[in-house]
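A, B, C, D, E and F are the chain letters, set down in written order, and residue numbers restart from 1 in every chain.
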């Protein structure tokens, strides 16, 4: 299996929605890392998607799905 | 972690569906901001997706997913 | 925040699945409106996606996600 | 609102998974119809997506989301 | 309605996750069949998506959504 | 049905979120394998998507959906 740690602290539980949102961003980036281990290459690719409207929207799309899972895991921090 | 605040007021709870919907739009835009911190660049990109049928639909797609999470968090404001 | 009203009647609750489905269509269009306020421009864009197989499918995709939320909000009208 | 009926029989409840699946297909096609009312145009577009690998997969994608909602509405026909 | 049977055995219930996963693959392929009834054409199209990185990922995407529904239907085989 | 085993250990239950995340990655790759059985071909395709910003995001997208199912199956490891 991939050596990359895919879930920081091995937990979906966070104190607040903000931390949950940051975890969602982090977890989606860790999948990019697991698929493309070369850090320099990833930097180049991040420059591509940070400057392309469609790819930026694809980032928001994945984060929205990851966040849905993390929010449910934390019972929406209610 | 990204300095950008990703969840306004650090809560998913809103008084009404309209506020929940506006939060969904805001949260998806904050992910664009976290990925592309340059405000001028973001303005240019927003002009791209506001005038492209496919990209406009991609915006609706992400907002729909974010809203699903926020609506569940608010028990559909029932 | 966007001046556009994003949730008609500020409620996800509808009397029937048909009304819920129409609401899903309406809510996705209101996100297009919030992103592209120019009505004439939106008319041109609607003509683009109404005549493009891929974009038509993207419309169905977003409506399906919006409807999932509205259907859950209405407990599937059971 | 669109004159097209978007939910046949104004109900998500079906006797079997097969009927539920057929409803999912039908409901996604009705959104295409509501977006492109011209039947001849739709026939041409269906020919496009029926012969394009990517578009065929986009069809499966939307049906999968619609079916998830219908299956939940019917408590998975258990 | 389409003559193609869309849900094998007219049930979402399977004995194991593996069978549930195979059902998810099968059900997504049956939507391709219902949309493109010509078997020879489908073979050609499968050759296209089996050799295209983006289309392969689109297949995984649809199967993931179908499987989510089947897994929920089977209460995750717990 | 496909000879490829699609669900390792025929279970969605894992001890930790990290294992659940690794399972999500593995299960999405097994669908690529079931669709493209030729290992050499898959290696070439992995090289394509590991170096393409859009395809990398498509990978994150599928893993996010698979993980949502696995996380729900494990009651979010609470």
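Methods note: contacts are C-beta pairs under 8 Å (C-beta built on N, C-alpha and C of every residue); 3 or more make two chains touch, one makes a residue touch a chain.
Please read all numbers here as calculations on a predicted model, not as lab measurements.
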Hop count on the shortest chain-contact route linking chain A and chain D comes to 3
Listed by label, which chains are in contact with chain B and with chain D? C
Cα superposition of chain D onto chain E: how big is the rotation, rounded to the nearest 5°? 60
So the centre of each chain is just the mean of its C-alpha atoms; given that, what is the distance between chain B and chain C in Å? 16
Just the number, please: Cα centre separation of chain C and chain F in whole Å. 31
At least two other chains touched by the same residue of chain F: list those residues. 46, 49, 52, 54, 58-59, 61, 65, 68, 72
Should the pattern of chain-chain touching be classed as line, ring, star, complete or other? ring
Across the complex, what residues on chain C touch chain B? 1-2, 5-7, 10-13, 27-28, 31-32, 34-36, 41, 45-46, 48-49, 52, 54-55, 58-59, 61-62, 65-66, 68-69, 72-73
Quick one: in the complex, what on chain A touches chain B? 16-18, 20-22, 25-26, 46, 49-54, 56-61, 63-65, 67-68, 71-72, 76-78
